[in-house]
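Chain IDs A, B, C and D follow the sequence of writing; residue 1 opens each chain.
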Amino acid sequence: MDEPEPNILRIIGDGAGVPDGTVPDGLGDKDLIELFRWLVLLRTFDLRAVALQRQGRIGTYALYWGEEATQAGPLYACEDADWVFPSYRQNAIGILRGVPAATVLSWWRGYGGVHGFYNPREHRVAPICVPIATHLPHAVGLAWAAKIRRDPIASLSWFGDGATSEGDFHEALNFASVLKVPTVFFCVNNQWAISTPLHKQMATKTISEKAAAYAMPGVRVDGFDPLACWKVTRDALDRARAGEGPTLIEAYCYRIMAHGTADDPRLYRNESDAEKWKALEPVGRLASFLRRLGVLDEDTEAEMRDEAKTTMAQAVKEMESIEQPGQEILFDHVYASGYPWSFTEGLDELHAAERPPAVKPLGPQPTSGGTSDHDLPPQPQQGV
Amino acid sequence: MGELTMVEGLNLGLRQAMAADDRVVVLGEDVAQTGGVFRVTAGLLAEFGEERVVDTPLAEAGIVGAAIGMAVYGLLPVVEIQFDVFVYPGFEQIVVHAARYAWRTKGEVPASIVVRIPFGGGVRAPELHSDSPEALFAHVPGLKVVCPTTPRDARDMMLAAIEDPDPVIFMEPKRIYRAGRQEVPDELPFSIGNGHKEREDLLSTARIAREGADLVMITYGPTLPLCLQAADRLAEERSVESTVLDLRSLYPLDVDAIVASASRCGRALVVHEAPRMSGIGAEVSSLIHERAMLDLEAPVMRVTGFDVPFPQFANEDDYLPSVDRILLGARKVLDF
Amino acid sequence: MGELTMVEGLNLGLRQAMAADDRVVVLGEDVAQTGGVFRVTAGLLAEFGEERVVDTPLAEAGIVGAAIGMAVYGLLPVVEIQFDVFVYPGFEQIVVHAARYAWRTKGEVPASIVVRIPFGGGVRAPELHSDSPEALFAHVPGLKVVCPTTPRDARDMMLAAIEDPDPVIFMEPKRIYRAGRQEVPDELPFSIGNGHKEREDLLSTARIAREGADLVMITYGPTLPLCLQAADRLAEERSVESTVLDLRSLYPLDVDAIVASASRCGRALVVHEAPRMSGIGAEVSSLIHERAMLDLEAPVMRVTGFDVPFPQFANEDDYLPSVDRILLGARKVLDF
Amino acid sequence: MDEPEPNILRIIGDGAGVPDGTVPDGLGDKDLIELFRWLVLLRTFDLRAVALQRQGRIGTYALYWGEEATQAGPLYACEDADWVFPSYRQNAIGILRGVPAATVLSWWRGYGGVHGFYNPREHRVAPICVPIATHLPHAVGLAWAAKIRRDPIASLSWFGDGATSEGDFHEALNFASVLKVPTVFFCVNNQWAISTPLHKQMATKTISEKAAAYAMPGVRVDGFDPLACWKVTRDALDRARAGEGPTLIEAYCYRIMAHGTADDPRLYRNESDAEKWKALEPVGRLASFLRRLGVLDEDTEAEMRDEAKTTMAQAVKEMESIEQPGQEILFDHVYASGYPWSFTEGLDELHAAERPPAVKPLGPQPTSGGTSDHDLPPQPQQGV
């Protein structure tokens, strides 16, 4: 393990050349174990989802292998009443807040309605956001509303390095700073936006320094270190709740895997770089640390992994037990106030015609580079 | 309240909504301290305070996006877009998020926002202050798009739009903001919190602005007064009696009223200021032909703005549908 | 060049344009190093270098806006929007600036850009990757909106769009990107720099994809192959011979071809994947009724996407117009 | 005169308590006189335009009284081949590059086509931009194109403090910095966006500090000092041409007048603040400075003012001699490639109908607060 760049908070060392820091105040042994359980669950979900995609049981999937610390860490720092706003990359974050894993899997399987969506108010987890950076203004608006209502809650949004180039990023940070909104902007700087490396995305060396444009604190943290991610988020949330406004956090890490299952990184980068970063991946790293602390034993760890696998197996079963949703799913919930007349007519039209065959399962998928292959079937999976 | 202009009707609607429900907040550029460049939000800051009436930074995507977030939390934000053209930077937030939030949350969390857009030409404004973008929103599923044309409808529909759980694009015809006055009673048009049916009606039905058996003119917004004038001229000059249908709701269209009036009269003309290509008029015309062609004595014709950028104002009267162009269109339908 | 898919046809068009004119540049997210998520720009970086093929920051307004500035300077930028939905952040730049630059400069400095938009559903993509926003652009004066449906048209229309001085919204039906192959000759469809008439034709005329006297199906993009199948079925099952008109240009519409075919057949059906309300179909239907109602045996009907957000993909086939729904629509028109 | 805030470049003092700095290298006496002539011309245009608006001879007008230094200074620093991108606030900048003053006046009078528009390529002046911040990406794209073509030119865009809140501002600065584009972002911080004061627009105290988010230099300058505005722009252009990329300049000043002729500042601010700033206004200030230097005598000054008045009188005459443009102006130039069929039909429709009466003249207008007056005629002037 190398030393981190300057100004990057790191707590977990490697038990060898790089010493461990102290566990931050506020995290007891129970918390450490629970946080580890979260990491294991996220990891298990991700591995399982990739496998399901390969088998054609879900569609294109945006994997996050290696980024679990940037997800579990900040979420663990939140109070239960705080709202979080994930992008597609944090697609499974809801499962740590009670969203059924089957729901998230079902979303990737192409199910909508009650199968693929959840009620954000039930979990204080916004819907998974696909268009880059567009959920940041929502996180700001929500926390602003809470502030107006004198509710002591904060919001947190996740987004990538590429997202910082969008106008919505700027407008959201500016709004939040002007209105002193209790929100945390958590940027996962994995150094890639699909095939676009950081230096083609921005001229600054870091993302945290962009906070200066909004007179808000900018913080850098090791994105592979769940404790450090927890710590900087907790501090930012404390600030937010104290009425001091927003914080921009840059979790410096690396996108070790492909952008998504339809992406082939060999087209644009040297994969040996990714290999180097793999040594820092958070699940193994937290496990070693907890073992060094004597907090985690092998049995507990194995139990957790089993538990996660069981959860996922159950979720897959649930997902696969869902019947092809009826055609009314096209029209349901579009308007909270009910069907306009054209929906009824649309349903009639559908019922008069022969129903097309169900689309699932998709069948086995190439292991990578789907998009680069000129011989793909006419309906390649794409996107995210 | 006595005789109000449309601006005053809108203002009254906002005030009554804010008084009845403290979840209603107003945000936009210059809406608080000055009451908006058209004064629609005048007095709200003094009455409801700076937490509920907010001068925001100059960023339409940020404004609409923040409003969506507020709605997710449970507030009822009303956003002012300063002029029609300036809604485009907020377009993504409206069509990607506002329009799909209910759908994306099993119907549990609609983006209950109202986006007010003063629109259209005829006020001698400089370049890029006079677009009529309503069809762009009507084409996007998940939104309601409405346009009041009288001071009373302005007040009533404002209350309805705010109470409606779905996102409402509220088109305000700025040309007739102060064109006339109408009695607007103090009484609310429906009991707030309980107005489901009346509210729905206000946001989904057309209004018969004039009755006549020979021709129906179907329109909304700034061209409504012109259609009424044209109808009078036709009555005088040709003893032709026209119905004038004020659409009020552009999505959903009141297909029953549209088709019934066309069937009854046998002749129909659609009039709007926006460009013609795939505008509201194209949909109205298609609906009528699809459902009532055999009742028609003539094809439905359209009198609309041209498919050109809104002109500089010295020529805006050439662009805007005039009474004379409406009469020309009517004669084409009548003499077919 | 031999038998090409549409993706390869587009790629060839880009390569030929770049080779012929060094003012042509390509920009967008992930277009250079990887050749775009759909590989339409594959190989261009290697052939033309990183100054002319650029991976930009992730910011659609910035990309379109920068392209406009480049065009003002005299370059001919081709922008890739990664997926349909992601054009919305660039909407303001397109409708406010690209669409009005010529008009605002006495016709001397049009925004000569091409905005490529892979659009539509049917590829099992996740949420928000499957919109069909073409009508939004067709409603905005100052833009040309085209949609090729065959590999050959893809190549030819790409060359035409790049050479055309006006901004062209270039809709690419991603569902049929690789659906079939077609011979595309190496020879250019017109002599670059001198192709006025041929170029204009490619960007403003419809193509007859099938001929028949009883019914015309008017369509474009991903629903074209379905209309051809439906036409075959009708021929088999009912001995009804259909014309299938591939619009190619959505603005301007080829009104002559549209009206002539409807008049000739007496029965017309419009088919598209986009939502119905004020879509391209509404305009086509209105045009036909306005100009040829007396020639019609039945009203023009529409088979389209519904006025709902594009569904999650497990149900996308329920949303997409199917051959069966097209047949249903055709029967309505035929049996009227 | 007070001392400027720290880090603000000021060259012209008050000849009393605040000493003058030295005239920057590159500005000879002739340049100083020419720059002064520019200021006088801009001022004269503005005063005349306001009068024309009051008399109803043009429509709503966005006045810039007091901001002339932020316009003439930077423009004078440009090479003739450099491109400039004005907002509505710099509406008359083209007259210093050969655009007829009558053209700009005609634009405000509601004329389009050949009367109200000019060919940007002839003057290297982009069309006047109304939608806030949207011209910034154009300035970036243009200079980027020039860079690709190896042409040694740069671009400069003007925009306000309010404009910094828009996403387009951010995207433009980010693009420019990543691609090292030779462009200068000239922000006129007049501390107001219509009725919105700076502190409701942003949390930073200055605009120049936002440059940090793009790793580009941010410079502050006295926006009432034409020499200082020249100097910072010249330095930025030198940098740009040397391949070092963009610069963000903040010209700190104050919007002494109303936002536009339809605006009534008494609704939202204490007008005595504006009075204080008036002392710094650039035309009188440069005149005094040049007199102190002995470069300007009264006769020359009077001549210049006369010349400017003559130019404007001529321009007004020209503007008023324009016949109401024909109806084909609606359709002309929309497409460089000619009329689509619907245009011919549109013209036919127009010709078949009675033509509406010409809209000019508008008639006398209230002196302020048009928008706040409930008793306005049904067609109030609005906008900008």
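Basically, a contact is a pair of C-beta atoms (placed from the backbone, for glycine too) under 8 Å apart; a residue touches a chain by one contact, two chains touch by 3 or more.
These figures come from a predicted structure and were not determined experimentally.
The chain with its Cα centroid farthest from the Cα centroid of chain A is D. When the C-beta pairs in contact are tallied for A-C and for C-D, the bigger tally goes to A-C. Note: centroid distance chain B to chain C, computed from Cα atoms, is 31 Å.
Centre-to-centre separation of chain B and chain D, using mean CA positions: 35 Å.
For the pair chain C and chain D, the distance between C-alpha centroids works out to 40 Å. Residue positions 56-57, 59, 61-62, 85, 88-89, 92, 96, 103-104, 127-128, 141-142, 251, 276-277, 306-309 of chain B each touch two or more of the other chains.
Residues of chain D in contact with at least two other chains: 112-113, 131, 165-168, 171, 174, 178, 200-202, 334, 340, 342. By the touch criterion given at the top, residues 83, 112-114, 117-121, 126-127, 131, 134, 136-146, 148-149, 155, 167-168, 171-172, 174-175, 178, 332-337, 340-342 of chain D touch chain C in their complex. On the chain D side of its complex with chain A, the touching residues are 164-171, 174, 177-178, 180, 199-205, 209-210, 212-216, 245.
Residues 25, 51-52, 56-57, 59, 61-62, 64-75, 77, 89, 92-93, 96-97, 101-110, 112, 141-142, 144, 164-166, 200, 204, 251-252, 255-256 of chain B are the ones touching chain A in the complex. Those residues of chain D whose C-beta lies close enough to touch chain B in the complex are 59-60, 88, 107-113, 116, 128, 130-132, 162-163, 165-168, 193-196, 200-202, 262-263, 267-268, 324-325, 327, 329-331, 334, 340, 342-343, 346, 349-350, 352-360, 362, 371-372, 374, 376-384.
Taken together, the chain C residues at the contact with chain B in this complex read 61, 85, 88-89, 91-92, 95-96, 99-100, 103-104, 127-128, 135-136, 138-142, 251, 253, 274-283, 285-286, 289-291, 293, 296, 298-302, 306-309.
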